[in-house]
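Structures follow.
Both complexes shown next keep chain A, but they swap its partner, so chain B is in the first and chain C is in the second.
Showing the complex of A and B:
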């Protein structure tokens, strides 16, 4: 009796310790962001005063105003929304039908083509960058939205893989009835398959949007005019970050502006995102 | 007749756009890189000179290249084990408090940096690491240590990049581990417990073998993602410096090709990187496949 009681209290103690460690770990992980949040609302001239203060003494929105006077940050916001939406739509438009065909339509070379597409999952993006850049310059698409959007779409390995899994898990009977009714392949896809994988589509839309929102290197390269930049590439236009007189306030305010939309999406869709990232990837 | 023809054609129409786009935008450029790596050409010159393996030869003699290759090795040795083992540790802890109200909070907090842009991660950390008025130095000075130059110190730059890269990307592997642990049937844990196996024994004899497919998947993908993730962090935080001490192969490629417009040498770096990536993958499949236990 006593031994079970002591095991139980031991277990409770252990659980408490784990909670404590996880809480500390979470705070540590969030700290750079909290620190950014605090700076974004602290008037710039107070930021570098040498006193540690997480909560701004006099919160103000002045940093957003200053950043907006210096750089077209609201255009950057618009550009980020535009490019991220376009990239997401493009990815869905080509990876949904492909995932469907790889899952449910038999054809010659299916295994090979599937391998060809998903092998790109592990391509470091930098490897394709030089010829793509040359092509963009040659067709005079430099510094256009298309230059940002189009080459960012084909990174669809994971999407095709994931949609294939989703479509494969639909029961055959679902399609049998439609086939008997004379539904063609396109109608089966559009009216039966797609409406039944909406959670998967939602998850990958969010993941794609977040990824596209955060595109940095490629954007740095092909967007030059300040008014065409996205938030994440525009941030690099602020003064260098190692110096003594970095405009921390406006810089942090702009960074925060770029974090908030993806943070909101993440909080809304956390369950789906976690599911998408963790399911399917290990299936043999 | 037409109907069956359409039915035959349909799969191709479905996969066509996906296949074409990866061929044109991913495989095509890599082939083009192979071509660029054996010529001497830049965007302005009208003339393309075939130079054979000269670009590769001059790379081998280039000390910046050697340094970035060595750094790539260091990054892998430090970050790959860290990105595999620590997320597993965090996942085990989160698994231990599953069902509690805080589970989602911990998981969300630890995953959060993963959704940020590299530029934002770099900015967030640069204010901690800033050698003149950063928070870390204030803490050091407060405790009576001299200020450090952090990522602007040649000996610390690489470690600072490791720190920020780890912070930015450990969340994904953690999620994968959490999912794998959740898939281990509780009845097995319970059976082992009744047989007198302690927590450590249960972890190493029950859970670890059962999550080995995930371990294999993670070990393959982590090598790539580590190489790739670093490029963004390096660009924001150190620009490869000081004196190339925090550069890696892919960042060297980026600089050579797109800051100095040395397409030939940069493409040669791309080819070398692809060869390394392929070799590592093959090695992993060779050693890994046999040891993985599929349910």
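Showing the complex of A and C:
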């Protein structure tokens, strides 16, 4: 009895220790975010005068106003939404039909081509930056939305692979029924296949949007005009321009602006993302 | 409405495997034909070739007068019911039924009328706005049938449509399919591996084995006169008892029991004797009889199936529910005219006073 009781209390102790450690780690992770949140609403002149507070004494939106006067941050927000949406749509527009073709259409060289698509996943994107940059400059697309959007679309190896799996998991008979119902290949794709892989589309859309939202290096290279920058690339201008006198309040306000939409999107689509990656298949 | 004509139909896959090895079949307008056979016999492939879901390697498929070998499934004037229903999960029941008609640019008012009529006929009107996920198996199967009916096709094709249902529902749906087909009078081709389903539904049965037709006939013809040992062993529940025997001097020797053969048999030597379970009965004293060693009894309620061996070969006897075997050793008698004889080499039926059947039979090795 005694030994059983001590084993039980040992287990509880161990569990408590693990929880304590996890709590400490999450605090460590959350701390910068909380600080950003607090700083974004603390008037700039108070930030460096006071010690850290979880919530400012006098919360104010002045940092957003100041940031907006210094830089076109609302344009940056618009540009971020525009480019991330366009990149996501572009990726879906190519990878959905490609995944469908690899999953359901018999054609010569299908396995080989699919192998090539998969091989692109192991290609480091960084290697393509210089040639792509030269190409962008040559076709006079430098500092345009297209320069930001178009070269970011083709990295879809994983998307094609994932959609192929999703389409393969749909029963053949459903497509045969559709053929008897008078559907050609395109209609089978549009009316039957796509509506049945919506969870997969939702999951990859969010992942693509978040990825595109966070593009930094490429944006720094091809976007020059301040009004055309995205939030991620624009934020750097606070530090660059102001040097030692970095206005931390407006910088944090802009950072908050760059985090919130993605966080919101993730929370909305969390269910699909977890579902998509835990089950490995889509809903039948 | 239209009949179906198959001429020397063949299906060879890319790897050389032959699924259908030259099948010819005439299906009359309005007829209910059931294709039955064990898995891998080619019955589904044959149906899918008629549907246009599988290409034809050789031969002809005609629906009505029209050669349809290369016609798209949608243009063959057929409708198909699948084993797993193949409903569109993202559409409501109404849209599932209406989808094919919309693709054909049928006027909206007519779509509504046809869907309404089919729904009434199948008693699924209350579920029209539901998605398939919210329906039971039986209701889904009705929707699948409805999708076929609204098309008003010349031919219904059924690919094991009841296999996913539980036993009780299967019996109910079987009856409904038969009733519906009678009412609509549409030519139907139905695939199943369930011989009971085949017997109850068919106007004519087509028994397939190894990509070839073993026998075509009405359910009773096939039951009473199986054209081969394979058909004898496949159709009927329990299956016909097949036992190695010998023909000598106009008598049939099973072990050391000699049974009289009623008439002339154009063969002698080793043979396979077939006896239906219900054609065997306990022998009266003094009667010629087979020695039977009882193994176990299967209770079916209305009758009992007594399993055992005769000269070491398995044998099933159907007896009345009231019959109680008194000992493990029994003696069984049969009426000589109930004997079926098959060639041990080809499996072909040997007709008493007629001759070896030459047509339609290629044989499986006969089970020993």
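The rule is short, and it goes like this: the second predicted complex is superposed on the first by the 246 of 284 C-alpha atoms of A that agree within 3 Å, B and C clash if a C-alpha of one lies under 4 Å from a C-alpha of the other, contacts with A are read in each partner's own complex, and residues count from 1 in each chain.
By definition in this document, a contact is a pair of C-beta atoms (placed from the backbone, for glycine too) under 8 Å apart; a residue touches a chain by one contact, two chains touch by 3 or more.
These numbers come from a predicted model, not from an experiment.
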Partner chain(s) touched by A:250 [first = chain B, second = chain C, both, neither]: neither
Comparing the two partners chain B and chain C, which touches a greater set of residues in chain A: B
Partner chain in contact with A:171 - chain B first, chain C second, else both or neither: second
Touching partner for A:127 - first (chain B), second (chain C), both, neither: first
First (chain B), second (chain C), both or neither touched by A:72: neither
Which superposed partner A:26 touches (first chain B, second chain C, both, neither): first
Common ground on chain A, meaning residues reached by chain C in one complex and by chain B in the other: 284
Touch list for chain A against partner chain B, complex: 14-15, 18-19, 21-23, 25-27, 29-30, 32-33, 35-36, 39, 48, 50, 52, 93-95, 97-98, 100-102, 105-107, 110, 113, 116-117, 120-134, 137, 151, 153-157, 160, 184-186, 189, 210, 213-217, 220-221, 232-233, 235-236, 241-244, 246, 248, 251-252, 255, 258-259, 262-263, 266-267, 270, 274, 277-279, 281-282, 284
Partner chain C, residues of chain A touching it in the complex: 171, 173-174, 176-183, 187, 191-192, 195-196, 198, 284
Sites on chain C touched by chain A in the complex: 51-53, 72-74, 78-80, 82-84, 86-90, 99-100, 103-104, 147
Interface residues, chain B side, partner chain A - complex: 6-8, 10-15, 17-19, 21-30, 32-33, 36, 43, 90, 93-94, 96-97, 100, 102, 104-113, 115-128, 130-133, 135, 138, 151-152, 167, 172, 175-176, 178-180, 213-214, 217, 220-221, 224, 227-228, 231-232, 235-237, 250, 253-254, 257-258, 263, 266-267, 270, 273-274, 277, 281, 294
